[in-house]
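Following this line, the structures themselves.
What follows is a pair of complexes built around chain A, which joins chain B in one and chain C in the other.
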Partner chain A sequence: MKPIARSIRTRQLGGYVCHSCTRNLRRSRRGYATTSQPSTLEIYDVVCVGGGPAGLSLLAALRANPITSPLKVALIESQSLDPTRKFSLPSTQYSNRCSSLTPKSVGFLQDIGAWEHVKRERVCGYKGMRVWDGVSGASIDFSPEIGGAATEGGVVAYMNENLNLTRALLGRLDELGGVEVLEGEKVTGIGFGNDTSTADLSSWPVVKTSGGRELAARLLVGADGGNSPVRTFAGIDSRGWDYGRVGVVATLQMEGEGWGCEEGKIAYQRFLPTGPVACLPLPGKFCTLVWSTTPDLAAKLKALSAEDFVSMVNAAFRLSVTDLKYLHDLPSGQEEEVSWRENHTPFEREHVPMKVVGVQEGSIASFPLKLRHADSYIGQRVALVGDAAHTVHPLAGQGLNQGQGDVESLANTIAYSVEHGMDIGVRMNLERYESERYAQNNMLMGVVDKLHKLYATENQLVVGVRSLGLRAVNSLDSVKGFFMRQASGRGEKFL
Partner chain B sequence: MALLLRQRLLSSGLPRELLACTVSTTSRSFSVLNRPPPNYEGHVPLTRIEKAGLAVGSAVWSLIDPRRPDLIAALGEATATPYFIYRLRDAMLISPTGRRILRDRPRISSKTMSMTYLRSLPENTVGRTYADWLDREGVSPDTRDTVKYIDDEECAYVMQRYRECHDLYHALTGLPIFREGEVALKAFEFANTLLPMTGLSMFAVTTLKPAERKRFFQIYLPWAITNGVKSKEVINVYWEEQLERNVEELRSELGIEKPVDLRDIRRQERARRKAETEAKERSGDSLGIN
Partner chain C sequence: MATIPRTTPSIRSLNLLLRTAPRFAQTQYRRHTTASASGAKSSVNPEEVSHFNALASTWWDPHGSSRLLHLMNPLRHDFIRTCHASQPTPVAKEGLRYLDIGCGGGIFAESAARLGSVKSVTAVDPSPEVLAVAKAHARQDPGLAAKLTYLNVSVEGLPAPKGLQDQYDVLSLFEVIEHITHPAQFLDACTPFVKPGGWIIMSTIARTWTSWVTTKLVAEDIAGIVPRGTHDWEKYINEDELRGHFLKERGWNSPRVMGVVYVPGLGWKEISGSEKLGNYFFGIRKDE
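So, the complex of A and B:
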């Protein structure tokens, strides 16, 4: 079937809405008096709420594919997208919200033509990961030679600023055109349409915006983040828990470009009882920090002077858990204290991130960590992607990649329906998306959650057993290869 | 070959008696043939097997010959790693005063603690109590061995500090150095520091006389456990700064009650026995048995 319907005269709205159609449906007005203002109902095939990484890449994917490009699509984003469009920083500054993109996500972004728009000089591929236990010191090293996880360049993952990605996606959408963008407009309500003489929209979600517009959607996509209004509308519960932890982020500058960077940069993660602390490489001498810790300690970290904050970061990768406890309680003076302790704490210089010497002004921030998983990703004429569907602990750096995986699967599912003349919004036709993604995300979230809990203890017995486990895994290249392939998004599917 | 190894071990400063206990095979980190350089002055790096040999050997020897403080010291060092000395160091690192001690690394000897000065302090001060105790027991602050076998130089200092402060714990608690008092103090130290050697030394309780043993279990052990556990970590006392303080004040700050004076008890015990014998004799007299 051709996905374009010339008009919407048919009562059932079987065909697709032509985005070149300018005619809008006037809501049928009954003969009797009505107090409400007459408003214009616009009809779309896909209305996407949320212009974050997930929403934007879904639209780019739909627009880039000739099968789905005739669909009439709209984006509603409550924030202005101008700051994203204009995002531009000198090579000495980086946004503090960075995510690692797996080669699989990058492959997808290449497919939809967005990767070319990413400023590549601001992206940093890394080739190894070093993960260790902050209590026992047991460690595990991953390098791309193991398990054939990496891409041609031997890259495990790419560190990238979220804004560099969303800017590129907007650039790609501008290039493709054809998206009705409602920015700076909040979704104020979602309800069902009416059954009128011209069309039966009673099963169609109708989104009302703060700008006074009403959009009926054949398929409403919730890419609207953790507190998804679309999910609430669909009556889909989201379950999980808060970790009682926050992620402290910052852009850091190191002494040099990092250890062994001739062969490729390395990502570091140390598990502390309060949560993992990670140092992920950015281009040049820069790196990005993600330190999950208790809200109380995060507040103390944020209150420190730049010098003391930098010392705390160095301490987090080097000093004992006992020293860290003490240092956290000092209102100031960490710098001096840490330099004394470094002389008495044995650590392999090149096994920890290169010494940090500065923190970018205004880059220290924190966000709460939680685990949430929606009971379902789909409903009648509703699909959820990205954080709206699931929020995961950042320790595996998978949040954004999971969203990209969702988008790829949903875009394929939609294309399949269009190709086969099926209604893209009907629940049954969305099931392929759910079955492809739900179990896989659930498994990943489970593993990440268990890891967090395993490492959030100082219990000697647990520390002993987990260190044995880590050491055992470290000596088994086959097992490491498995983890590497999972981390780089090329893991075998086993669900 | 064996002879050569012996020579090397001898030059490494191991107590001669323990040579038989040290198996000279290679361990993972290094072998006796390529002993790494010392981590601090006086350090003797041992292989894991040598350490185990040292622990067993010194334990056996110190039971056979308890008048060998060097062996007891070696036992203490061999059993303190890998866990317990780190625990004690961490106890210091979490306390501001403990950290200051680790930074300054003060040493206690007759040079740093002048007896003339200590004796000149008013009664009831920590320093004067210490001096009185040293005088009463006829010992000096210089009788402590230096640490050799602990690899981490900071932990070696912690062990040294613990050792050098031992007499101050005696002074603080008023426990004498003869076996009964020593065992009671060791019990206190074990509860307080968790160093295994202090616990092991309590086996010496088996060598006490029945009356002493009874007293130990009835009075001193309960005292040692409750006080050792509930009081603050005594390793974190910066003694050098406390010398002029009132000793009662320090005790209550640390949460330590002074145990009943062992020498008093013994004296009273002797007096009682003497009185009994005399009474018996007298009654014998009055009965006109003679």
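So, the complex of A and C:
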């Protein structure tokens, strides 16, 4: 067969065809091009849409593994990645978007060589968790001595800015090279390829970008968030509900580095009827706030002066639910009101976070809370990871970790396929990924959802039973150890 | 073609097999003119060919009757790796040539052609319908065209190798030998295609009461996982028969065997000793 024919198109060449051949053919085709830019189909083994933590981790994992590194891979990200690459703040400022990374996720990031690119001085490992019921005061303390959940050094989880992670992943990808990065290019459409005289790409997704490029994908990965265009293309429904709550985040400064910080920092979470409020430690005197509450109250909080906002945060961990209701209704002057009420409310100083003294300017923001779960994570030549597959309530700090778990499983599944000559995009060869992740994510999401609902009530009976349960669990180290291992991603597997 | 030494116990068993297979005691001449101009005697059994012609359309259906073959395919590569790893001299990391005989819809042939270590795969099958399915399917992966060649021919129809450059590093016979009427002659016909130091790799089913129950009674009659008539239990060959055949002064060494069992819900699992019960892989290396 004479390959250089008038009809030759690079779409006939596969991901396993050497790049120089593809280039030569493309060059030879240019001779026939008209004045307008020919839209040349490019063939990739993996096209990942979305340059967030999940997408970047997947690409880093594929590039770092010698089995998968020959794959031709591309990333399409609608935003410029430059702000991420250049992310740099002084040690007195922290981004308000932080996530908890379990030791298991950190282990994966170490395996793919990304963790060493993370600015470690901006990461805070914490060694204990204190969780209590805002209505009854029943509490539960987790410390690493219980249950053997922790890694070396007794860390339960690490608080880290999302940008610190994505910056590190980009750094790792730059170091590895070999990824075609299309940044600042939006996906304008996804369709299927054609059946031409030499190849049948009718089962291959073809992604068109705003930059005028067309990428055919052996495997199209949707790491493109909650409203995933890839998921829509694959015809996979996503089900769930909105909680009618928003998460208010802020970077806070406390009066000290935290109670007992010599032995390790503590994360605090108090369940209020409006939702849980959490204070999660960052390096030094800083911590990050995640306050789940109603959209109305969130709007009121965001409208307060910095001083009043700080007082409300302190109140949220200290004062009674009744006091909080009253304070929320004040248009201003919370600072004075809270300091007066604190003097009349009994609480153990060291059982709540250290007093917050300041909020970083411009760091108060909010986002809606919801639960979503895609009906499936895979389709023919399609896989979904991270938020494209599932969105979870942040109360257990598992969202990012679930995404990292997806990526690790998908990267392993792809590597197994490559090693055994299987087409990495074929649905049957992706089944392993779905079977490893779907039920596990579903269980965790169910537990988190039930926790939210259990604590979103002031019904005396429910409060009584749940407090009894919490106190009982608190006295049983074996049960606590079980929860600790689950939370740190090293738990027993049920499925 | 080599004469069959009728005195060896293993070959007696093979002949016994053939005598107990009256359904196929018919002439064994090729019926496909495309196969060869020589008119040489073929190993191909026409009834088997027509059976697999009828199966062609379901070959790549992941939930069809070939699902078990799809699931088994990774183990084939694992077994070949085990064989290669056992060599005194390490196998080349690239440039390997594979010949897949009885390739069917191309499940193994496609996968072999995707491997970085493989330079080319020649895949042959006597069923034109099945081969058409294989060719059509391979077009869905543009990376295969340069490495994978399908031929509608039996092993006797392939031109005899003129030298090392025409021989193969791996000659594979996956789920083939149990469909062959004269297995001993067939294996001898395969021999010239293997490079010195190369391997014949095959998988098949032992002729035991357990394999009769699983492949005939359960798979075909009760569960209906595979169509009736897919298997002919009397033609099954045991591992010790193969071993005896190759090691009888034919220039082969280092036989290896791996028994595998399909566990519903878990897939194919290697189970030591199970080659005596049912499905097994067999590999043997040609003397250098």
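What we mean here is this: the second predicted complex is superposed on the first by the 458 of 495 C-alpha atoms of A that agree within 3 Å, B and C clash if a C-alpha of one lies under 4 Å from a C-alpha of the other, contacts with A are read in each partner's own complex, and residues count from 1 in each chain.
By our rule, a contact is a pair of C-beta atoms (placed from the backbone, for glycine too) under 8 Å apart; a residue touches a chain by one contact, two chains touch by 3 or more.
These numbers were taken from a predicted model, which means no experiment stands behind them.
Which one hits more chain A residues, chain B or chain C?
Ranking chain B and chain C by residues of chain A touched puts C first.
Mind working out whether A:Tyr416 is in touch with chain B, chain C, both or neither, as first, second, both or neither?
second
Figure out whether A:Ile43 sits in contact with chain B (first) or chain C (second), or with both, or with neither.
Only chain C is touched by A:Ile43; chain B is not.
Looking at the overlay, what does A:Thr198 touch: chain B (first), chain C (second), both, or neither?
Once the two structures are laid over each other on A, A:Thr198 reaches chain C alone.
Applying the touch criterion given at the start, work out whether A:Lys325 contacts chain B, chain C, both or neither, answering first, second, both or neither.
In the superposition, A:Lys325 touches chain B alone.
Quick one: classify A:Pro346 as touching chain B (first), chain C (second), both or neither.
In the superposition, A:Pro346 touches chain B alone.
Which partner chains sit in contact with A:Trp291 here, chain B, chain C, both or neither? Use first/second/both/neither.
In the superposition, A:Trp291 touches no partner, neither chain B nor chain C.
So, A:Met428: does it touch chain B (first), chain C (second), both, or neither?
second
Need the overlap of the two footprints on chain A, from chain B and from chain C, as residue ranges.
Correct list for chain A: none, the interfaces share no residue.
Which residues of chain B touch chain A in the complex?
90, 93-94, 99, 102-103, 152-154
Looking at the complex, which residues from chain A come into contact with chain C?
Listed in rising order, the residues are 11-17, 43, 70, 195, 198-204, 218, 416, 418-423, 426-428.
Taking the touch rule as given, give the residues of chain A at its contact with chain B in the complex, in rising order.
For chain A paired with chain B, touching residues are 320, 322-323, 325-326, 337, 340, 344, 346.
Within the complex, which stretch of chain C touches chain A?
62, 70, 73-74, 77-78, 110-116, 136, 139-147
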